[in-house]
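Down below are the structures I want you to see.
Below, subunit A partners subunit B and then partners subunit C, in two separate complexes.
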Partner chain A sequence: MSVGFAEFVAARGTSLLRVAYLTCGSRDDAEDVLQIALERAYRSWARLREGADPEPYVRRIIVNTAISRARRRAILRIIPTSAPPERGAPSQVHGIELRQVLMDGLRALPPRQRAVLVLRFLEDMSEAQTAEALGCSTGTVKSQASKGLARLRGLIGSESLREVVNGAEA
Partner chain B sequence: MPRLEDELRLAMREETAALFSAPDLTDRIVRRARRRHTRRTWTVAVAAVMAVVAVVVPAVFLNGRGQEIAGRQTTFEGLTVTYVPEGVTADGTAALGYDGIQRRWTGGGDRWMQVEAVRGSEAKSLDDLEKVSWPVGTRLTEVRTTRIGDLEGRAGRVESAKDSVSRGRVAMWLIRPGFGVRVHVGEGLAGELERIAEGVLPQAPPSARGDSVDGIGVTHLPPGAERLDDGTDVGMGRGWVSTSARWRTGAGEILVTVLRGPGGAEASESFLGLVARPPWQVGDRMRAVVGRERRELLIAEIGLTVRVTVPSKLGDELDGIIAGLRLPTIRPSGKPVVPDEALCGTPPAPRSGRALSGLRAVPGVPIGYTPEGLTMGETFTDLESLTRTDLKVYGYAWHNGLDATEPGFRRVSVGVVCGVESAEKLRALVDGAEPAVLGGRPAITWLSELSGGGPYVMWLAGGGAAIFVGGGPDDAGRPGTLRRVAESIT
Partner chain C sequence: MNAEEALKEAMSAQVADVQATPALGGAVRRRHRGRILRFRTAGAALVMVAIAGAVPAYLAVTSGSDPTAAPATREAAATVRSGIAVPDVVGMDAKAARRTLEAAGLVSQYKMGPRSDTTPANIVVSQDPAAGAEAEPGTEVAITLPAARPEREPQEAINQELPPDLGDLGEEGGHRFAGVDFVYLPEGLKWTHWFVRNTFGKTSDSTMWNDSGKNTDAYGIQVIVYSGDAVDKISERMTGYGKQGAEPIDIRGKEAYLVSVGEAVGELANDENTPPGEGSTRTLIWVVNPDLAIELMMSPDYAKRIDGDAELKKVAEALRPAE
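Take a look at the complex of A and B:
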């Protein structure tokens, strides 16, 4: 086994799985995408470990694979199939549970907007770092983040946000 | 007033707080990588056999820097190696390199050289190309920018990571994004590196039109060649179908004929009435036959024969056209698809359009719609996504003649899996598939990471058969293709 690979997976596997989960929207997909990314890293480990931190490389594969999958999966929705509501139906939201609303809203975003929000706010990456990971311009990152946040804001409304937070603090 | 960004950050952290990677994740990755390496090695072995076809063809090329280089060249994987130092000879054929396919030449001691063609994401930029998967224990140092002819490149030294002992010199550059070259030489040829690198040329300029005949890409044609027709199909009896296309040039017409039918190379030669001796035996499954006055060349494998005919005045172009042919991947099994409708019961009738028949249809699956912009490609007898390997699979693919690693590659496949009698069996056929309903029938959908990736839909067709339609990665922008193909069958 390549020197250092097992240590890297042990140290960063959970963090990367969480990125994969939020960008994919499901646990099964997340585990699969994580394995794809780590497998590619494993095959190139000899050169990766010569450079700096391999994590950005793996993270980049994760988000781009997730986006690609989501786009290809969209084709299957256009095909006139009608699947039983396995997990496609929105979760029942009891009252205004802000976290759940935000997570449902995040899953409903277009894949690239979702990836931008995950990298910017879960991983606390800068706009430039996010742009590099996604292979796009910082302008695209800004506009995608802005659109994504606007859609989430539209879902909950600023009043609801205030109420929920006040309620939580009370 | 709380910021939405802060709430979102908190929500994401809470949502994932209970997620932890599996303790055996590393072991699973390593096993998966080894399984794929085995599969990849097979693919490369097949590619190597195909590359040999081009190697044996003497060539005359005009290189990109205006010099004409004549003589016997070595051509593989879209590259032509025009200069090899004195006393250095080819060592084997094309093989798996660090990240691509390479050929090696040796002259004793540290007088060796290897040229590697790198395609895809490993060659998107010079930075990517520089990240070589060197053997463990070596590294690239002293990297500097250089020029390879008119192209920007990089050069450096490879050394042992342990004791810095030199393992040779390397030069690398991009022919275009997605297609790069690495030349690695031993210290004994360090002084020749620049000349060797400048002698490695792209094989042939691709046709701007990317023509194809029955799924066989014709990427190189003489300048000014004008296509005369869209390909004429002729049923030739005894199970053979011939598709031809012609191009007009100032020196006469070029004809490319693709024949598909049962039997191997001998059968196709016999059927065509070609009397060309002696044939070159290339690998164990392909033969190249040069006809009278060196005007025809035939490549035949089981179930597929390609014949190129040029007028005498264009004899020198023949090599370029042959080298520019894009042949479908040869299945390792090499078995032709044998129509056997009885295996899957009575085939359903197409709902719309004219049913394709004979060898132009998937056995037992009449198709009413032929994908636009694509032509018939390879047949296949297995589907890698299936969890079971004991089921009979018959499939046919359409594609646009490009290599799977090239941007713009498109592929649509249709096929039948026999021995699927129930919805329960259907659902268990593919790991991770999602249940669905198509035309009132039980169906599953899934994404394949294999064969270039793409969405698939498969449904229970009755009579023990399941029918599937799959798309290539670039069909994401053309969802209508998959839908129309599926609708024309159901």
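Take a look at the complex of A and C:
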């Protein structure tokens, strides 16, 4: 039983940590959250393995733990949250900086929007799979994704994005 | 590129260097020394994570099962017992290096180094930590392989393992070649440790399987995987087969030709171009997507022993572009 668990972590640990990292926004938090998820998975490992792939279950714990932590922190005001950093004219965004702006923007999103974007675009999960992982409706996934994307678009400006891309290809 | 793609790209880049080392469990434990007793309850699991099943069982058992010993003592004991000397893997091929490191309880992490004119792309040129260094079980050892040479010149390789960028075939059950997963092959066929690159145009990769697994024996099934400009050539060849009267068949929704071809691959075998007694080759060919075409060939000898056409179709129906 435990051998199966070790193999699972060895095989999927990196992928799960990446989801945790982007969902939490910090690597320390991500390791914490991943560990919590793995502990919970281990406790019910035998039961999990009777079913199918344990990965969705562990991923569900990760994103939901990350969301609830982030919310708790927001309430306690341990970290400033939710307000995307003020940015000047978006036409000045280039290359590496674009990535940075996107990641800062992602970090500043409300936790559930962030989780939706990570699952949809890092993990390539469908709306239905994302909804299942988050325990919400596909409608919520759709609206959260479009809100999150709209905010990121606002940060970078769709015009500047096109310029960056064209510039990179030229 | 739109915002979704930009976000995807940014996320992937952001996490590219985020690796969960198998020592993650141990790292977390150290960080939470104050809560160590709580972690002890799940300790066995976390130690298993740290070592990924790679060290003697006594260590795994010791770390989690003795509730009376002081935690500090047990940590120390585990550290002392777990130190292992990193083996020397420079000069080995990638697979042998991985096996050697795994056997020692370590984890290998491939890294791409600069191109080398002298060292083949699947030979380890350096490692970190160095040979002889002491490491905890589960430590990642970075092994650097030279980048593959640019695919310009035809290249033939015999009795080698596939370079990682070309796939994974062989005894361990891998079935990936040149970005295609060969999910089904007729029973008993073995990979021959033979492959060529760009022999059939740029870009093309070809390999073969047979009963003996020896590349000195005749092939059973050979595949050529075409990409890049070579795909257009295949489209032209297929058009030619159609004009010569061949009837297309269907492979997973794509038009394909299952034809007999002689020495000149563009011509269907007939009495004129194929002298009596000189066999033609059953060939199944189709374009999977704009950057991928496949040609499967079955040797006439092998085809006599099995239901050749049916097997070719089964191979074709089952294969998948790798994700």
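Throughout what follows, the second predicted complex is superposed on the first by the 149 of 170 C-alpha atoms of A that agree within 3 Å, B and C clash if a C-alpha of one lies under 4 Å from a C-alpha of the other, contacts with A are read in each partner's own complex, and residues count from 1 in each chain.
The rule is simple: contacts are C-beta pairs under 8 Å (C-beta built on N, C-alpha and C of every residue); 3 or more make two chains touch, one makes a residue touch a chain.
Not measured: the values here are computed from a predicted model.
On the shared subunit subunit A, the superposed partners subunit B and subunit C overlap sterically. Touch criterion met: A:Arg69 reaches subunit B, while subunit C stays clear of it. Judged by the touch definition given at the top, the superposed model places A:Tyr21 against both subunit B and subunit C. When the shared chain is aligned, subunit B and subunit C each come close enough to touch A:Ala10.
Of the two partners, subunit B and subunit C, it is B that touches more residues of subunit A. In the superposed pair of complexes, A:Leu102 makes contact with subunit B and with subunit C alike. Contact with both subunit B and subunit C is seen for A:Arg153 once the two complexes are overlaid on the shared chain. Shared interface residues of subunit A (contacting subunit B in one complex, subunit C in the other): 2-3, 5-6, 9-10, 13-14, 16-18, 21-22, 27, 30-32, 34-35, 38-39, 42-43, 98-99, 102-103, 106, 117-118, 121-122, 149, 152-153, 156, 158, 161, 165. Contact residues on subunit B toward subunit A in their complex (touch as defined above): 1-2, 4-5, 7-16, 19-22, 25-26, 28-30, 32-33, 36-37, 131-136, 139, 161, 432, 434-439, 443, 445, 447, 449, 453-455, 457, 471, 473, 475-476, 479, 482-483, 486-487.
Across the interface of their complex, subunit A is touched by residues 1-4, 6-15, 18-20, 22, 24-25, 27-28, 31, 42, 44-46, 48-49, 51-53, 107 of subunit C. Listing the residues of subunit A that touch subunit B in their complex gives 1-3, 5-6, 9-10, 13-14, 16-18, 21-22, 27-28, 30-32, 34-36, 38-39, 42-44, 46-48, 50-51, 68-69, 71-76, 78-84, 86, 98-99, 102-103, 106, 117-118, 121-122, 124, 149, 152-153, 156, 158, 161-162, 165.
Interface residues of subunit A facing subunit C in the complex, by the touch rule stated above, are 2-3, 5-7, 9-10, 13-14, 16-18, 21-22, 27, 30-32, 34-35, 38-39, 42-43, 98-99, 102-103, 106, 117-118, 121-122, 149, 152-153, 156, 158, 161, 165.
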